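Two complexes follow with chain A in common, the first pairing it with chain B and the second with chain C.
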Partner chain A sequence: MAASNEFRTCSVTGLKVHLPAEALIKANAVVAVVFLAVGGLFGLLVALTRWQAVHILPAEWFYLLLTAHGADVLLFWVIFFEVALLYFASAILLNCRLATPWLAWVAFALMLAGAAIANVAVLQGESSVMFTSYVPMKAAPHFYVGLIVFAVGTLTAVGIFFGTLVIAREERTYQGSIPLVTFGALTAAIIAVFTLASGAIILIPTFLWSVGLITTIDPVMYKVIWWGMGHSSQQINVAAHVAVWYAIAAVVLGAKPISEKVSRTAFLMYILFLQLASAHHLLAEPGISSEWKVFNTSYALYLAVLGSMIHGMSVPGAIEAAQRKLGFNAGIFGWLRKAPWGNPAFSGMFISLVLFGFLGGISGVVLGTEQINLMMHNTLYVPGHFHATVVAGTTLAFMAFTYLAVPLVFRREIVLPTLAKWQPYLFGLGVAGISLFMMGAGTLGVARRHWDITFSDAPLTFEYPPAAILMMGLNGMSAVLAAIGGLAYVLVVVGSILFGKRLDAPDAERPRFIPRLPTTVAAYGSAGTLHVPGTIVLVTVFFMSFVLYYFVNWKYLSEIWPMR
Partner chain B sequence: MPAMAPETEGGGAAERVPAMQRLLDNHFLLLFLGVTVPAVLYLVWGIMEVAQIPIGK
Partner chain C sequence: MAITSPEKRVWWNEPLHRPEVIWITIAFLWGLLMFGMMVYWHVAGRQNLSNEAYKVFPEKFAEKVEDMVAKYKVREEGATKIPVVRPPPGSDVYVLSRLWEWWPILELEKGATYRLHLSSMDWQHGFSLQPVNINIQVHPGYDLVLSITPDKAGEYTIVCNEFCGIGHHQMIGKIHVVDKK
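Moving on, here comes the complex of A and B:
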């Protein structure tokens, strides 16, 4: 049992806050933002190089920074933030102490050391193998060591999350079931265990191969196991950002899900089937049967897609029900018009929800269909898809959550509030452009991971349609806009932590982006209504877009591959 | 974790917790399923597929 002086009571939410857990949340979140800033800068340089009129980096630097960009934002930014989220969703929301804070600091040190080692290896120039590090491309041994050390630290942090759940149950700090947000975090933690196990299975032998102790690694075997880590790590993000959507709706609007049971069942779909999406990276691989490919993508994966579609209805439904309860009942969309669009936590969450569903979700199903996958496999369509999921979906949701975490955890007021209000719109618009234009270029056949799509120094010339060059220019402009949005986020967050007005004084004002509503974030319970007509209209529009886009891609396929 | 059912004055369970809720409240069973299902369907099956490819001569 922890000493009572290790806790404080949050004056805003009334939650009991374990101070060692709070310190760990701060440390992990701060390091996450540092990796976002560094990785985001690398991403901007990559996008400017793909913009043919700018083409800023030489080839060697392009591949080097593309590798660093992938590692820093796809792994280090999101996973540091997710560890902070796991500690928040367990110790804080369950009103209990964090299990073994000293071990959590060890985990933090391992993650930081691993991320730093991997960055050094890449920046030294001998490990430009890109995020996927496909064999037989060989990186410097300390690149693999860095990733393995980072994974060990993360697995330790996930273990601490499970330990905290046990403590909360033993000490009876909650009644009944854990809150929905904690259940979402549990889903992310479970997927993380599979992800890290897959990583260990493949990265340890690859490290041994890099130092000469193993003579060969089979490239297809590598791909199968590596994607068990590489794609599943992005599924941790999906579960975590869906939990964040529910959390923001609960804090900002006092929203409850339309049905707790249905939302939890949707998370169960993730637990059982979401990791199988890894197979879509292998749909064009020879030697692997169609049974494996089709089962893992077009059969079992659709159960996870069903989970996402349930959340896609449940979250706006929760918002609509909460808004109607607050009196915003005019017409079908009065609740949406009167939503707090000037609150960056809400606007960031809602933009994340829309972009993730319309851009990331629909394109994910298209990529997961064996036949139409052939048209865009290994093209820029793939980065276009995962920028919609990981950047527009996860990163924007995490940014939105920061506007609540800074006043609640760091106990500082948000500075530059006008900039903060605009930030989700700038970043969201930029990332939507990045996703759309990369997917457009991919549909025209532009290869991913290529420094120069004009093939200016190649012995055999090849020309993409002029529209592809245009798409890459628009992608570069969108990246500039997203970078401005990202810079605004870093400025607001760092400025708030360093110079924001302190909120821990007894007479402190209420944080400006947290309205005076009873929070439901740590509670169990449903909204108790199915009267959500606006949400039903939005979901209908989504389904029509989904069906139309799916049909259009089959039409494209029929033109490429005529049956005579 | 088994969900806590409402208790009567005598301490006995007033109603049976539904099986689905018991599953969703059993975090370590969910962990087992969440690792085993993809390990079997994706990893083990996928590794068997690759292992069966004849070695070129």
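Moving on, here comes the complex of A and C:
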């Protein structure tokens, strides 16, 4: 259907690239990076304020920029990038044209307008309500309008992704089943529909309430539905960044999933066992029964957690198997030592995998345990946990993917390669620091979203333990490191897009970070021959840490005041 | 590869690898055990958040708090002269939250059990009791009732850990736990 002059053939992958799709991927990705830069800067200022010795922002600005930080990074950076990923995983990976590019531009414009309106509302100062905007605290009406417009745009983009899958199937642009990465993106998109529906159900009445057309909104009910959006959107992020892990392992090492069946089932579990009501965000709320909390937080089986644990073995397993095929067979960890650690796409991906599993995954399950939550709810433990998932996990995975996307989609060589090589380590170390130190401070009771934990102008006095103050200092230092890593990313990406050597000439060289793989890294092993001892050691260590930490927290719990 | 369609068109009946089967089994059993732990703790554990909560009008809640203060006030504390109350063990005790204070201050007996009521007059607040680190969400319009048994004497501080506006970081309260006289 589409005119053939709307396509080019990729000189690196041989894929047919739909030019309008490519333009849309570029636009969405660039806007995403802008929001990351702005939101990241706000994050740094917030962290420096919570470092008591620095305490840089006045209270009003602290709460204002904290609201802006949450919205700009968690909503706008992540979701713009995900829309780019959806277009990539459908149109590009399936050799297909993108459905209705004009509508995709409308979606883009809506998202951009919504994000801009929300930012204006927050920066005007009347909407410092945090991005969760719990009622009955009220933001300016256009804050909600911005979020609603953004959601409508996103929903449109998700629809275009589905449309593209349908076209690809009808026009037979691929053979057999869709690739695993596209499958992962599909699960993310399906979850997104549910997410955006919950968002509409809660934000539209809240907007009407903010302009006075509805008199009250029940605060508990608000949270139940708001988290239907807030939690599911985190499941989108997980599905998206796991898909990215598989994609990077495939491009850089030629890795194949050990078993298509297992990996796809694990993705499917994210949909089937998506916590519709997101009970683990409501464990400390009044008026909700324990039966409901316990059942809904786990569906009695923790099958979504199981899904992630499966990926936690299949991704490193795929890497190990590929490395061994490439001849790196020495000992248990020879494959890992000889991995391309100087390639930021690989190192970023692997650091993301490890930090997401060890820091984000374990802390998330512990935090989401009904009774243990009593010791953590609304303390800094919570942001500690989700910086491990959504920053070390999702954000770092997306950064790593950019090192492949810039040469493939923008067709520019990565500039400042040395800085690029170091970037994932700087950012990863910084984020590991902010996650751990916030979790540590939270364990000592320090409140989240709090401007002054020395209570210097309060009518009564209180001091947190000195260790907590120390942790906040270390958190501030880690934030500086993370910010340097973030800045390095922005410099490399913007520099490459503007000044990188063009790769579209016929005699252009192979992009630096996309190695030429031996023609076949051969089929992956079949049952019985699979040999991944290193991965087995890794998951064993992971599991033991998990069990240990889980029970240590029950022990702590048994020491607090008895209550029922 | 993960970015191309599976080589084998029929991928869904390939046999599984042993390490995968073992890992999936372990992870699944672990999930069951973690579910079981939450249930078990309701039976055998001593720290569970109460399910008792009532819808309440803020004014009605405030009346009850004022009654308690009138009956059991023993002294005042702090720059703003917050009343300190000492209700008898076993009784209903109230902590009211509003912009930006926890009111009043309670004095409780170590080892005794009280029915603690929490509610807000305006926005949501976070009852974060330090240094024991017990954290409970407080909503306007809901009266949450929990039985607590303070088991160590000392001065405890209630920090607000739900953002509640510009005075959020000034919002602290106290609970004193004292040995039986």
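By our rule, the second predicted complex is superposed on the first by the 541 of 564 C-alpha atoms of A that agree within 3 Å, B and C clash if a C-alpha of one lies under 4 Å from a C-alpha of the other, contacts with A are read in each partner's own complex, and residues count from 1 in each chain.
Assume contacts are C-beta pairs under 8 Å (C-beta built on N, C-alpha and C of every residue); 3 or more make two chains touch, one makes a residue touch a chain.
From a predicted model like this one, the values you see are computed outputs, not experimental measurements.
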Partner chain(s) touched by A:232 [first = chain B, second = chain C, both, neither]: first
Chain A residues touched by each partner, larger count belonging to chain B or chain C: C
Which of chain B and chain C A:177 touches, first, second, both or neither: both
Which superposed partner A:194 touches (first chain B, second chain C, both, neither): first
Chain B versus chain C as contact partner of A:157, first or second or both or neither: neither
Touched partner set for A:261, first chain B, second chain C, both or neither: both
First, second, both or neither for A:273, with chain B first and chain C second: first
Partner chain in contact with A:220 - chain B first, chain C second, else both or neither: both
Contacts of A:289 with chain B and chain C, given as first, second, both or neither: both
Partner chain in contact with A:186 - chain B first, chain C second, else both or neither: first
Intersection of chain A interface sets (partners chain B, chain C): 175-178, 218, 220, 261, 287-289, 300
Sites on chain A touched by chain B in the complex: 162, 165, 169, 175-178, 183, 186-187, 190-191, 193-194, 197-198, 201, 218, 220-221, 224-225, 228, 232, 261, 264-265, 268, 271-273, 275-276, 278-279, 282, 287-289, 292, 295-296, 300
Chain B to chain A touching residues, read off their complex: 1, 3-4, 20-21, 23-25, 27-28, 30-31, 33-35, 37-39, 41-43, 45-47, 49-51, 53
Complex contacts: residues of chain A adjacent to chain C: 59-60, 63, 93, 129-130, 134, 136-137, 174-181, 218-220, 246-247, 249-251, 254-263, 283-290, 294, 297-298, 300-303, 305-306, 309-310, 313-314, 317-318, 365, 369-371, 374-379, 443-445, 447-453, 455, 457-460, 462, 464-465, 523, 525-528, 530, 532, 535-536, 539, 543, 546-547, 550, 554, 557-558, 560-564
Touch list for chain C against partner chain A, complex: 1-9, 11-20, 23-24, 26-28, 30-32, 34-35, 37-39, 41-42, 45-51, 53, 55, 77-80, 82, 101, 118, 122-124, 126, 128, 130-144, 146-151, 157, 159-166, 168-174
